[in-house]
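Next come two complexes, and both contain chain A; in the first it sits with chain B, in the second with chain C.
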Partner chain A sequence: MNILSVILAVILAPLFLGIVNQTKAFFGGRRGPGYLRLYKDLFKLVRKSCPRPMPSTWIFDIAQSVSLASVIAASIVFPWSGVGIGSSIVPAVLFFYILAAGRFFTVIGALDAGNAFEGMGASREMQFSTLAEPIVFVILGLLVMLNGDVSLTSVLAGVSSETWRESIVALILVFGAFYAVFLLENCRVPFDDPETHLELTMIHEAMLLDVGGVDLAFALYGAALKFELLAAFLVTMFVPQLSNPYLHLSVIFGGVALISILTGVVESIMARVRFFKTPQMLLGALLMASLAVFFIACF
Partner chain B sequence: MISLETIFAIPILTVAAAAAVHATAYIHGEARRHLFRFWCFFIATVASMLAVVYVDGKLPFLLAWEAMGLASAGLVAFESKEKSVKKATWIYLLACHAGACALMLAGVLYSRPDAWIAAFAFAVVGFGLKAGFPPFHAWLPEAHPAAPAPASAIMSGAMIPLGFYGLIRFFPLSSECSVNGAVFGWTLLALGVIGALGGILFALPQSNLKRLLAFSSVENMGVIAMGLGLCALVIARDGKVELWLLAGAGAIVHVLNHAFLKGSLFLAAGSVLRQTGTLDQDRLGGLLKKMPFTGTLFTINAIGLAGLPPLNGFIGELAIYVTAFLAIKSGDPVLAFAGFLVAVSLALTGALAATAYAKAIGGTFLGEGRSEEAINATETPKRMYIAQIFLTVLSLAMIPGSVYLIYYTTGGYKTEVFITAAIVGALFAALVVSLLILRRFVCPRGDEKPRVPVWDCGYDAPTARMAYTATAFTQPLTDLSRPILRSRRHIQPFKGDPAAPSDAAIATETDDFALGGLWRPVFSRIARVFQRVHLLQNGSLHLYILIILIAVLALLVAALVS
Partner chain C sequence: MITLSEIALALFLVADFILAGASRLRSAVRFVAMQGLVVGILPIFMWNWAEEGCPGARVWIIAFVNAVVKGVVLPLLLMYAVRKARTRRELEPIVSFPVSQIIVFFVAIGAFIVGRLLHVHASSASELAVPVALTTMGTGLLLICGRKKAITQVLGFLILENGISVFGAAILLEYGIIVELGILLDVFALVFILGIAVFQISRTFDSTDTDKLNHLGDTHLMHPHHQHDHVHA
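What follows is the complex of A and B.
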């Protein structure tokens, strides 16, 4: 069941980005590219060769593979169906550090291409992810306080109905803070716009300007899997653990689909903020998370 | 039986061995004439460091400590013809003597039970001057770039952690010290948090590679201090024995990991300096192609020191994280607060360290060379990177080694967490390899890798000057932290006709806050006070005779009165 759910998660990942795009198309009054667009793109890309920019070295060659491997490793230990492969001992810290290792390689891979735009994207990516890190760890601390242990399963053991009743305000704040991190880590509006076509305004996409072929497929697929993974993290935080693993799995995937629709709605009704405002927004999210800790610790 | 002495002696011996091999090639050309002087000071430094670890008694310890400072000052002053080296040597000697002074006071007060706080305060100053606690870290970013690279490797990897050794040796962490555990804990915790965050924040804007590494040492000592502080605090709050052992184990393991990783990084910086003649990251770049061994080893070690899995730097930090989270859960409000403080500071430190090391790798080794020196660089003689390989192998061995040390110290408490962390790290590495194989052999055109020009908005043939520099890479974060960093900017604006303007330029410099903002004003004020005393020494013989006369009269009067 555990292995099965990981395989299911790996297969379904591109679908959820399709949901986001279809939601945006609905709001824009367009027909949209279809739910399965990313699968077709990936199939097209894996048949192409990987061009390498002149100045690059082996770091550029392996960067996208490492980045995708990090997301897959994190999905393998994630408790998709309530209990995962080893997730009852894997510390939650490791989960986020593995993702950070993948991001690190994307960044140095971008620097390896030796061009202005990729350097700019790498620089911005590091700036924003640095500011997001404390938020994640405040939330992790809060989850440990509520649920008891450092392992991924117990951190994600879900919020009991009692806690829901007592501290609903705190939980809403936590949801808001983690959702902000979720949007940032997945390069969505209002922090980044995956559809922008102007290099100067790109963050994540700027790092992929010189990536092509199989490597680009890895990067796109990794982004889709990370979207699904972090959305599942967000959902699992709030859904109590169900005894039936199949039911649990379907609740998680249903929740991820809802988050995808929510993200589509947010992208449709909101413009992306200026770069200089992003640190302030992240500071706001940090304050929300800290306030939630304060509420739960004191009341 | 692994004793505390062994833990601190291992880095001394291994890093010194690697540094010695590296030094045989590092010192070249004109400097080889002073080879004898170098080896004398080198051997004296290593011997006195071992003496610090192994001698018994307070007085021999103090003597060894002072010898260690003096011998290593000789190493720092090796290239003493340059003005900056002279200045750095002065600052380092001053720090050493101030530290020894504080330690003597601490030694006098140590045996009196009613003066525990005073003895502890002097010990923190004395040992902190070595271990780089803020604000006593001011010598590190001066002395490390000035010293030859092998000497920096020893000082950063093996010598500065001895400050912790001294502190734990004279103020041991055990269940008996619970009375003063709170003072110990909060002091180290506060110094650790400020040191870790401040150190890495100041590392970000440095364009000199060795200065960046020196500030990163301040950060890593801060991480170790956080671990020890948490350890003492758990003792003080009567927490579980296993819990404080875990925090202590995390700190100790990080001492070893930092020694191997940082030692190798400093050696690599030395190789870069030898082959290019500069350490300015904005003038380097593209060295991975020219120096493949040095560059690859630097990259591996930098990832390790950024605390990213699967490498060893992560495991020590993980132990401190786990303790922090268990402290949050323990229900004790004081411990919970400390746990949150440590977890969040460590997270921010880790993220900033990743940025700083991405900059170091990117600026020095990736992209295109930005100067003649970088473009014409060649690989170092073999023994220089063999020294680095030796330390890197030790780092890799420390992945299971850290897990074992934590198991050994805590007696199996939460060991499964660290074993799984190592296994997941291995899984991650295996996934990377299988994806690379997949990409190469399964994809129809995976092994075709045509070389293409870089995309720069459609312009072909970009020059290296169009690429992002190391300073530009960290500019957003350094701009955000400007109130703390207080970088100085020298801007030369466009001049002349707007259609064909002259070259514009911007240069930024970030000096250490503690040195410029605290120590320099303090010392200049002291100097001004002593300037007044100069009145007594104005060179006039009449004044001296008058002073002697007054003194004799005063003594006579005193004798008559009594």
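What follows is the complex of A and C.
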């Protein structure tokens, strides 16, 4: 069941980005590229060869593969159906550090390409993810406080109905703060625009300018899987653990689909904020998360 | 319905944070409108449905009037003023936006501690109402003191008033609703006058920056277009 659910998650990942895009198309009055667009793109890309910029070294070659591998590793330990493979011994912090290792390789791959735009994108990516880290830690601290243990399973054991009743405000604040981190980590509006075509305004996309072929397929697929993984983290944080693993799995995927729709709606109604505003928005998210900790600790 | 009112109050708190950091006047007006709608509906959420049954017509009418005036009429008026005054955003606030958010954070923590000490919640519908009301009042005061544009200061006044309304809704005063309506009339008149005033000021001078209005002494009356060295919208 554990292995099956991981395989299902790995297969379904591109579908959720399709849901985001279809939601945006619906708001924009377009017909949209279809739910399966990313599958077709990936199929097209894996048949191509990888071009490589002149000054790059072997780091550029392995960067995308390693970062995809780290996202897959994180999704293997994630408890999709209530209990995951080894998720009871993996600390939640390690889960985020596996993802951070993937980002590290994307960044050094971008620096290795020797393109000024890629260097700029790498610098911005690291700056903003550094600012997102305290929010993740505050929320993890809160979850450890609620559930009593640092392992991924118990951190994600879900919020009991008693906590729901007593501190719903804190939970709403935590949801808002983690959703901000989710949007930032997945490079969505309002922090980054995945559809921008101007190099100067890119953050994540700028790091992939020289990547092509199979490596680009890895990068796109890794982004889709990370989207699904963090959305599932957000859902699992709040949904109490269900005894039936199939039910639990379908609840999580339903929640991820809802989050995809929510993301599509947010991208349709919001403009992207200016770069200088991003740290301020993250500060707001950090303050909301800290306020939630204060509520739960003192009330 | 207690849970619904708590969700509404949580949205209120989040709106306070956003308003403390909002520089675009139009989005700030939208969030004030959202707060106004919530303030209008809040008494219905806080009504003790299980014991008292469906609230009477008086409660419904007053909720409706409150929601329409604070959530629709006043924001539309302010939007009109923003459009006419051609001020799109608050540029150089006295208290910068991140600092304002941090101040609101500490005000919120203080408000929760004070709210616990006050023991008001014994008679109130929700434990959260008093702290959220105090936080909202703090945010309103911060916007009045820490911003330069006249429209933002009017917004601060509206937020302050929203906080007072939440306080009134929280402690469920017997005649609170009538007092509320009186306050609502005052606020309506004030925002109406200020909206027109901002429009007139911006038509006469090229900025609605209140700092510059302070300079309007007798010596400056000769030169209403007196230029200052800092940038204005």
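The rule we apply is simple: the second predicted complex is superposed on the first by the 299 of 299 C-alpha atoms of A that agree within 3 Å, B and C clash if a C-alpha of one lies under 4 Å from a C-alpha of the other, contacts with A are read in each partner's own complex, and residues count from 1 in each chain.
Everything that follows uses one rule, which is that a contact is a pair of C-beta atoms (placed from the backbone, for glycine too) under 8 Å apart; a residue touches a chain by one contact, two chains touch by 3 or more.
In this text the structure is predicted, and so the values were computed from the model without any measurement.
K.L.:
Label the relationship between chain B and chain C on chain A in the superposed model as either fit or clash.
P.N.:
fit
K.L.:
Considering only the touch criterion stated at the top, classify A:186 as touching first (chain B), second (chain C), both, or neither.
P.N.:
So A:186 meets neither chain B nor chain C here.
K.L.:
Thinking of the overlay built on chain A, is A:288 touched by chain B (first), by chain C (second), by both, or by neither?
P.N.:
Only chain C; A:288 stays clear of chain B.
K.L.:
For A:50, select first, second, both or neither according to whether it touches chain B, chain C, the two together, or no partner.
P.N.:
first
K.L.:
Is A:236 in contact with chain B, with chain C, with both, or with neither (first, second, both, neither)?
P.N.:
Neither chain B nor chain C is touched by A:236.
K.L.:
See if chain A has more residues touched by chain B or by chain C, and give me that chain.
P.N.:
The larger set of chain A residues in touch belongs to B.
K.L.:
Please work out whether A:168 is in contact with chain B alone, chain C alone, both, or neither, and reply first, second, both or neither.
P.N.:
The answer is second: A:168 touches chain C but not chain B.
K.L.:
For the superposed model, what is the least distance in angstrom between any CA atom of chain B and any CA atom of chain C?
P.N.:
For chain B and chain C in the superposition, the minimum C-alpha gap reads 12 Å.
K.L.:
Touching chain B and also chain C: which chain A residues?
P.N.:
Common interface on chain A, chain B vs chain C: 279.
K.L.:
Please output the residues of chain B touching chain A within their complex, sorted ascending.
P.N.:
285-286, 288-289, 299, 303, 306-310, 314, 318, 321-322, 324-326, 328-329, 333, 336, 339-340, 343-344, 346-348, 350-352, 354-355, 358, 361-362, 366-368, 416-417, 420-421, 423-424, 427-428, 431-432, 435-436, 439, 443-446, 448-457, 462, 464, 466-468, 472-477, 480
K.L.:
Under the definition above, what is the set of chain A residues touching chain C in their complex?
P.N.:
Against chain C, the touching part of chain A is residues 165, 168-169, 172-173, 176, 279-281, 283-284, 287-288, 290-291, 294-295, 298-299.
K.L.:
Which of the residues in chain A come into contact with chain B in the complex?
P.N.:
Against chain B, the touching part of chain A is residues 46-55, 57-59, 61-62, 65-66, 68-70, 72-73, 76-77, 86, 89-91, 93-94, 97-98, 100-101, 104, 107-108, 111-120, 122-124, 126-127, 129-130, 133-134, 136-138, 140-141, 144-145, 148-151, 199, 209-210, 213-215, 218, 279, 293, 297.
K.L.:
What does chain C use to touch chain A in their complex?
P.N.:
Residues in contact with chain A: 3, 6-7, 9-11, 13-14, 17-18, 21, 97-98, 101-102, 104-105, 108-109, 112, 127-128.
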